[in-house]
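Note that the chains take the letters A, B and C in the order they are written out, and that residue 1 is the start of every chain.
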Amino acid sequence: MEIFFEAKNLNKRFGGLLATNDVSIQLHKREILGVIGPNGAGKSTLFNLLSGAIKPDNGEIFFMGKSVNGLKDFELCKLGIARTFQIVKPFKELTVLENVMAAAYLTSIGKKEAKIYALRTLEAMKLINKKDELAKNLSLPEQKRLELTRALATRPKVLMLDEVLAGLNPSEVKEMIPIISNIVKNYDVSILIIEHVLYALMNLAHRVIVIDQGAVIKEGTPTEVVNDPVVIKIYLGEDFELVKS
Amino acid sequence: MDFLQVLISGILIGGIYALVSLGLSLLFGVIKIVNFAHGEFLMLAMFFSYWLYSAFLIDPYVSLLFVIPVSAIFGAIIYKVFIKGVLHASEMVHILTTVALSIVLQNLVLMFIGPNERAVQTVYGSSSIMIGDLSIGVTKLLAFVAAIIVTGALLIFLKKTFVGKAIMAVAQDKTAAQYVGINVNKIYLITFIIATVCVSIAGTMILPIYSISPHIGSYFVLIAFVVVVTGGLGNIYGVIPAGLLIGIVEAVSGYYLPVSLKEVIYFSIFLLVLIVRPSGLFGKIKGGAH
Amino acid sequence: MRRFIQPKYLLPLGVIIILLLSQVDDITIHNILILTLLYIGLSSAWNLLSGYTGSLSLGHAAFFGVGAYTSTILLIEFQVTPWIGMFVGAIMCVILALIIGLPSFRLKGPFFTLSSIAIAEILRIVAINWREVTNGSMGLRISFSEGPSNMVFSNSQTYIYLMLAYAFIVFITVYFIDKSKMGLYLKAVREEEDAATSIGINANRYKMISFIISALLTGIGGSLFVQFTLFAEPSSVFDINLSILIALAAILGGIGTLYGPVVGAIIIIPLSEILKSSLGASGFPGLHLVIYGVVLIVVIRWMPKGLYPTISSLIKNRNKKSQKTKIIKEV
């Protein structure tokens, strides 16, 4: 599989804290790559570095072979890298349709085309019946789906999901999982997903990397990672063993 | 020798500017709002002192005994009626509320008292201390001293007392402060009162120096913004250095340039600092403000 | 009946009312009409920046004054017709917007507002002091030589039509922007700038574009205004109270909405003129300003969305309720 989106030796320091410590990461085409790690491990910082929200102190980022160092988030989006936010940021006073159209305009010519593509995406994500609702009136799972729909409407090649399952109850999580796996199938995107809900990642991710204290400490398939003693230790401490269910 | 005199004037004025700006900086550092009505608070304090003087012949410096408690009450009322209710809203709402307050206060005074300037004539008003060839105005010196004392007192209060530390905590991280049991709303109220008292003391101290009119607030608030931005928003340590800098710049440029361009100079410094070094010339922003 | 309380019916109705009123031969009514139409244009232009992007400007008088002085100086010194002069003024406003916009947009909330106030004040002081060009605080007088090419008319009715055209042009411009991609982008940036940039919107570029358009439309208003008053002076065209009134009209009517500024101007300007003439004379200087301040506080506190959105959602809710009762009745 070709390497699609890649970061090499990323470093980011905030004052005394080395939030990102020599991180290299590769995302292949049509892959779902999970990023896990304890709280404060530096996952969100990594995310922000990859999405252009903040600049690394050093290191390089490549997209489809070309360097995208220093590009801002809207520029990266134009190239095909989209992201969602851990705490959803819908355009509250706009309708669901307007929220998605704002994204669809990126790759559409004119209002009509943008509207058509927005409606299509809303339908695929099963939000079409809420299209004229104000975004602020949606429930949290709906807002998360909206966030996802909006990112998708930019026709990305890489989609970065930041704890998209956070705050959802187990049945809501169960609903989201096939939606996410279908995205790869239907939209030809590669997905980078930060997640705490481990069993979701087991079902979704092809590969997982584990971040702790800013550095990558393990890389492998979900099963490998979850069974790795080092990983278990950083999450649960020395005295625990993973009980296989 | 002339230049030294200009420098001394600048330093004294700078102290006055620092005193005027202290409350504004505190408000921004803790409550994170820009009080566009700050100048009007100053103006009201000046008029109150003036009234005490003209009606009861109370010397401005003595009137501090009344100004401090009255301004504390005034600050509390303003906070409860106008500020508290809009804190949860957007920044634009904050701006518009304090702008509106500024308009109302300024024009209410204008309506009832008229636009004419008044001045306080005291025995010592025009006297100065002579050091060699240098003349140091007594009233200005007293205002300068007051600036140092009030700033020092404020800093000691913030660092050594329990309430003061609570205020600093809220300034740094409001949410974390709540988690440790600090009543943020009470802290905001106390901070607002302190800021109002500070600027009211400033008003009383400058009464012997400046003639007052309803518009004097607009004149000083601009200077206060320049000082606060230059010193670093919310940075109490930066207020005096920034005030001195502005005072000296004003005195020196006043010597070489026409007086009417004074405001252009302030505004230009203000814009320059905002654009080039928004965190101020004198160090990092206290309280984690943007 | 309620179906007809919609902008697409009310606006043409409003125009008809204005045209009818203009036939009444009363100079006071004409003045009120002229100023109201002017402010409809100015507030709509202001709203394009402050309402749609959330960057609150309280210094729009800067552009008003630049437009006013540019066309006036060109007319007096170089006999350039104001019809051209006002476009030159608009270009000057664009330049000013470019110079101050780029650094200003980096400033957060209140600091953007403060810098806007600062710019207008600097220009006012410059206008007072640059006597060779602006004749200082004595101002510039436009000679009353009548004629369409001078944009000077003895008949105040003509000024009403002129201002009506101005209001219309500004409104139509904002209308088309509102319905377009740019309008949606601006609203997205206003709602959640981080999310907007994450979907590919170059927030700074769009803020800048709206700033430029807002500035030039305001400048044209300034040029037209001085052709009416035949007098350009620093304290009236660079007046901070002008900036505040423009903002107040839009906020009262509904900041960030298309029709808000129109509604706000229609309410506040006639009221303000009536107040000024009846109260100013009775020796309470500044009372109208106090009232502006109070209105602002009241609107912000209790009706922050403004009159138009508040009333139109009330009407929508009543319509829903009456539909529900209809259904219940039928059953």
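Operating definition for what follows: a contact is a pair of C-beta atoms (placed from the backbone, for glycine too) under 8 Å apart; a residue touches a chain by one contact, two chains touch by 3 or more.
Owing to the predicted nature of the structure, the values given are computational and were not obtained by experimental measurement.
Colleague: When the contacting C-beta pairs are counted for B-C and for A-C, which pair yields the higher total?
Modeller: Higher contact count goes to B-C.
Colleague: Closest chain to the protein's overall Cα mean, using per-chain Cα means, please.
Modeller: That would be chain C.
Colleague: Any idea how many Å lie between the Cα centroids of subunit A and subunit B?
Modeller: 48
Colleague: So the centre of each chain is just the mean of its C-alpha atoms; given that, what is the distance between subunit B and subunit C in Å?
Modeller: Going by mean C-alpha positions, subunit B sits 33 Å from subunit C.
Colleague: Roughly how many whole angstrom separate the Cα centroids of subunit A and subunit C?
Modeller: 43
Colleague: Could you please specify the touching residues of subunit C with respect to subunit A in the complex?
Modeller: Those residues of subunit C that touch subunit A are 179-181, 184-185, 187-188, 191-192, 194-203.
Colleague: Name, in rising order, each residue of subunit B that touches subunit C in their complex.
Modeller: Within the complex, subunit B contacts subunit C at residues 33-34, 36, 82, 85-86, 89-97, 99-104, 106-108, 110-111, 114-115, 214, 222, 225, 229, 258, 260-261, 263-264, 267-268, 270-271, 274-275, 278, 290.
Colleague: Which bits of subunit A are touching subunit C when the two form their complex?
Modeller: Within the complex, subunit A touches subunit C at residues 51, 53, 72-74, 77-78, 82-83, 85, 89-94, 98-99, 101-103, 105-106, 111, 114, 150-151, 153-154.
Colleague: Would you tell me which residues of subunit C are touching subunit B in their complex?
Modeller: Subunit C residues touching subunit B: 54, 56, 58, 103-104, 106-111, 113-115, 118-119, 121-122, 125-126, 128-129, 244, 251, 255, 284-287, 289-290, 292-294, 296-297, 300-301, 304.
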